[in-house]
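The following pair of complexes shares a single chain, subunit A, combined with subunit B in the former and subunit C in the latter.
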Partner chain A sequence: MSIALSIQDVRVTLGQFEVLRGVSLDAAPGTFVTLLGASGSGKTTLLNVIAGLQHIDSGHVLFDGQNVESRPPRKRKVGVVFQSYALFPHMTVGENVAFPLRAARRPTAERRKVVQEMLDLVDLGTMVNRSPASLSGGQRQRVALARALASDPGILLLDEPMAALDKQLRERMQVEIKRIQQQVGITTVAVTHDQAEAMTMSDLVAIMHEGQLVQIDSPENLYRRPVDEYVAGFLGEANLFPADRQGLLPPGTGDTAVGTAVIRPEDLVVVDPAQAAGHWQVKGVVRLVSFQGSRFRLEMTTPSGQSVVCSLPPHTDASVLVPGAEVTLGCVDPDRIHVIRPAQADQPLKLVA
Partner chain B sequence: MAVNGALAAPSAKRQRRLLADGSNVERRWLLWPPLAFFLLTVAGPVVALVHQALSGEDNAFAEALQSEVFVASVGRTLLLAVVVTAATVLVGTIYALAIAVGPVWVKALLMGGLLISLWTSVMVRTIGWMLLELPTGAIFWLLNKLQLRSSPIEIYQTTAAMYPAMIAVMLPFAVLPILAAVLAFDREQLRAATIFGAGPLLTLGAVVLPTIRQAMISGGVLVFVMSMGFYVTPMLLGGPGNMTVSGIINAQLNTANRADVGAAMSLLLVGGTVAIYLVADRLFKVSERWG
Partner chain C sequence: MTDSPLRRSIGWYRIPILIVAVLTCLLFYLPFLVVVATSWTGTSYIIFPPEGFSLQSYIGVLGDVEWMDAFKISLRVAGIGTVIAVLLGTLGALALTRLRSRAARRWIRTLFIVPMAIPPVAYAVGLYSVSLRATALQDNLGLLILGEALLAVPYVFVMVSSGLSQADPALRPVASTLGAGWPMIVWRVDLPMIAGHMLAGAVFAFAVIFDEVVLSVFLTPVGVKTLPLQMLTASQEELSPQLTAASTLVSMAAVLLLGGYSLFSSRRAARARRLSRKAATV
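Let's turn to the complex of A and B:
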């Protein structure tokens, strides 16, 4: 069972502070949505709203088109993986996973069967009688996931699921969670502040900023076509240049700009200024070159002080690119440049790098 | 652990580590004050009691164990301690949970009451209960004002009169350890229980109580051990029919003038209490919780 989630203009005020300022979100059954944002952007609050742990001031939360605002958490059929996992320490792994079924007064035989199914699903089939304290962080998370899925909920909520794991395990669990989510086919909403995690796991990423959803889109579209400078800078590295309706403007002519062009580091190349004459280019001084395995990361500073980041293929001969050297960057494929909505006349154009 | 680590380290390093680390040879003299205190306040009196018990012509221990009054009082004291412990842990758990989840004014009221009770002398509190329970005391006065009763209440110096007072005296010793456990409880587990469909009863029984169970047992053992030595409260409120072991010992020393038997009874009481504590420790691992 998997439900369609619809959130309509939800507002939440905690004390004096408006935490959610009119949030709307729709997710088809089986979609994996990640709420991505800096801390304090309201993403955990939104998750609690879906779970029913947070009262809303106005707006609607619908599961399969049915209003659930007045439904208490225990009647919403949601499965939650808590940030600290919140496993019950005095119960075995099996008893933890069986807890939702025990609360629903299901017969013991059924509980045992479901527990085994769920633990097999998360690859912990042999750990039924272990205590949570004897498990590793990654295993505990799997137990928490098995427990969240045990009562066949309509929607799965993950609150910063990787926060307690180290980096390597994190990457493994991201893939693992995605596999389990697809296998079960359950609508899932996750909360994270880690953009790589959001992009790995999700069908849709919703960027939250100061209590509002800025953009909801597939990871690829968010990266390629951010709606504003905040999203562009939040998801991956971005170089922002002034642009007009035709495209990029030569550096130094920013006063006629009406929009902002987003150029990703991999769309920039080192060019010979003479050869590239007539094309868009930007001059600067190399500040830092670092080798990062799959690429060289070149950071340079333009005469106006803007910092520009460029990715170079790992086999590049970087010996001439020493800090202090002059370098000119050009754009590989001007068609790939995304221009953020032309700024309104009365709104000064922001240049963020 | 610290010692093993120090031994494994090279000698030059060991010297420095030993100085930096408080628990080593150079600092052992710090152990003397507590040891001296122990010898003076615990070992000394016990040795004196043994000496006293062996000072009579007859075997004072045999005499004590043959005394029907003593054996009866031991049974009575054990029963009293068990009942007081059970009731105190029950009330204490509810009290601690109320402090943890109640609104601020309830917290302040309950916590303040607990501390004031802890800071007030047992004697004063017992006399307070006496004033309440006297035939025409405060309880009678209140019932009379409410026109519920016109004849004096006959509870003073009965078993029923002493239990509420003893529970009140012991309450802080149960509430404080339980409260510490309740406050350390991870609230996210309550949210988890709610999310996974548990009602209040299942949450309490399957999630909260098992987590604070160890603290309830520690508090219970503490109350039990202290109740075994109860003296003032049962004597004043329970009357002569509810004489505890302590009361009998007092009678041996002051009325019967048999200091040797009194000392033997004291040692039997201490030994018995220690034995019960050791068994409880084996069963419930109480000392692990106390460090």
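Let's turn to the complex of A and C:
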């Protein structure tokens, strides 16, 4: 069973502070949606709203078109994995996974069967009688996942699922969670502040900023076509330049700009200023070159003080790119440049670079 | 001595600290040791150092109907009182975790703990005047048990609250998203987690009630005596070795109860530590 989730103009105020300021979101059955945002952006609150753990001031939460605002958490059929995993410390792994089945008063034989199925699903089939205290972090997380899925919920909610794991394990568990989610085919909403994690796991990423949903789209579209400067800067590295309706403006003529061009570091190359004459280019002084395995990361400063980041292939001869050297960057493929247009396109946009 | 952190950090300055510590210990236990010693004197009056060695005062206490009756009454009062105190204290602590308002939580917590500081005489007089009005409460142990239980409630409350505060606050929300209603959450999530703390609270409550004398003075029916009351009367009549023998027996029981409990709980804590260490290396 997997449900379609619809959130309509949800508002939540905690004390004096408006945590959610009109959030709307739709997810088809079986989609993996990640709420991505800085801390304090309201993403965990939104997750709690879906779980029924947070009261909403106005708006609607619909599961398969049905209003669930008045349903308490235990009647929503949601499976939640908390950041701390919240395994019951006095129960064995098997008893933890059986808890939702016990709550639903299923017979013992069925409980045992489902527990085994769930633990096999998360590759912990032999751990039924272990105590949660004797498990490693990754194993605990998988037990929490098995427990959340045991009662066949309509939607799975993951609150910062990787926060307590070290980096290597984190990457493995991202793939693992994605595999389990696809195998079960359950609608899933996850919360994270790690953009790599969001992009690895999700079909849709929703960027949250100060209690509002800024953009919701596939990871690729978010990266290629961000709706505003915040999204552009939040997801990956971005160089922002003034642009008008035709496209990029030459550096230093930003006054007539009506939009912002987003150029990703990998779309910039080092060019010979003479050859590239007539094309858009930006001059500057190298500040830092660092080798990062799959690329050289070149950071330079323009005369106006703007910092520009460029990715160079790892086999580049970087010996001339010493800090202080003059360098000119051009754009490989102008089609890949995305221009953000402000709502009022007639007004020239002042760029703070 | 091995290379302990104390030795490494403060060197020879630790000597005066050790001396103070030893003196404090002596101050705690010397009077008790004197009482123990006087109880085996061969004389019929209390004398220190004891003259000779005999168990006659012990035999006297254990064979005396009055002492044994007082002991049984105290056992009953402390037993029932402990059950009531554990029940009320635990319910109070559980209820407190379910309050949303932080200010209300703080106030109610204070109100639960303050009774520790109120002199028992105040309770005793208050309850005594109640017993004058309510005839149903006269001539039985009901009011005494109730009063003693109320005195012990704060101890249970503090113990159980500390147990609840150590638990992951996400446990209850997670249980409710997994479909559990409140009876199941209390029974399968809260209670198993605080069982150890309830036991600790019970041990303290029992010790407090068993030793309490002020309420007994006011609230015991005519002709009935709790053990502390019996000791008090005995000490007013004559200082016989029977009194010190009874004190020794009660103290031994208390030491066994509390010592046994702390041994049991520290062993459990050690097991939990071992488990989590093992998990960290996996």
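Just so we're on the same page, the second predicted complex is superposed on the first by the 343 of 353 C-alpha atoms of A that agree within 3 Å, B and C clash if a C-alpha of one lies under 4 Å from a C-alpha of the other, contacts with A are read in each partner's own complex, and residues count from 1 in each chain.
Everything that follows uses one rule, which is that a residue touches a chain if its C-beta (ideal position, glycine included) is under 8 Å from a C-beta of that chain, and two chains touch if they have at least 3 such contacts.
Predicted model, so just to flag it, every value in this text is computed and none were measured.
*Asks:* Overlaying on subunit A: subunit B and subunit C, fit or clash?
*Replies:* Aligned on subunit A, subunit C clashes with subunit B.
*Asks:* Thinking of the overlay built on chain A, is A:Pro89 touched by subunit B (first), by subunit C (second), by both, or by neither?
*Replies:* Touch partners of A:Pro89: subunit B and subunit C.
*Asks:* If we overlay the two complexes on their shared chain A, which of subunit B and subunit C does A:Cys331 touch? Say first, second, both or neither.
*Replies:* neither
*Asks:* Given the touch rule stated above, what does A:Ala104 touch, subunit B (first), subunit C (second), both, or neither?
*Replies:* both
*Asks:* Between subunit B and subunit C, point out the one touching more subunit A residues.
*Replies:* Residues of subunit A touched, subunit B against subunit C: more for C.
*Asks:* Touching A:Leu135, do we find subunit B (first), subunit C (second), both, or neither?
*Replies:* second
*Asks:* Please work out whether A:Leu124 is in contact with subunit B alone, subunit C alone, both, or neither, and reply first, second, both or neither.
*Replies:* Touch partners of A:Leu124: none, neither subunit B nor subunit C.
*Asks:* Would you sort A:Cys310 into first (subunit B), second (subunit C), both or neither based on which partner it touches?
*Replies:* So A:Cys310 meets neither subunit B nor subunit C here.
*Asks:* Residue overlap on subunit A between the subunit B contact set and the subunit C contact set?
*Replies:* Shared contact residues on subunit A (touching subunit B in one complex, subunit C in the other): 51, 53, 72-75, 78-80, 82-84, 86, 88-91, 99-100, 102-104, 147, 151.
*Asks:* Spell out the part of subunit A that touches subunit B in their complex, as residue ranges.
*Replies:* Subunit A residues touching subunit B: 51, 53, 72-75, 78-80, 82-84, 86, 88-91, 99-100, 102-104, 147, 151.
*Asks:* Note which residues of subunit C are touching subunit A in the complex, please.
*Replies:* 167-168, 170-171, 173-181, 184, 188-189, 192-193, 272, 275-276, 278-280, 282
*Asks:* Tell me, which parts of subunit B touch subunit A in their complex?
*Replies:* Interface residues on the subunit B side: 186, 188-189, 191-199, 202, 206-207, 210-211, 213.
*Asks:* Using the touch rule from the top, collect the residues of subunit A that touch subunit C in their complex.
*Replies:* Residues in contact with subunit C: 51-53, 72-80, 82-84, 86, 88-91, 99-100, 102-104, 131, 133-136, 139, 147-148, 151, 157.
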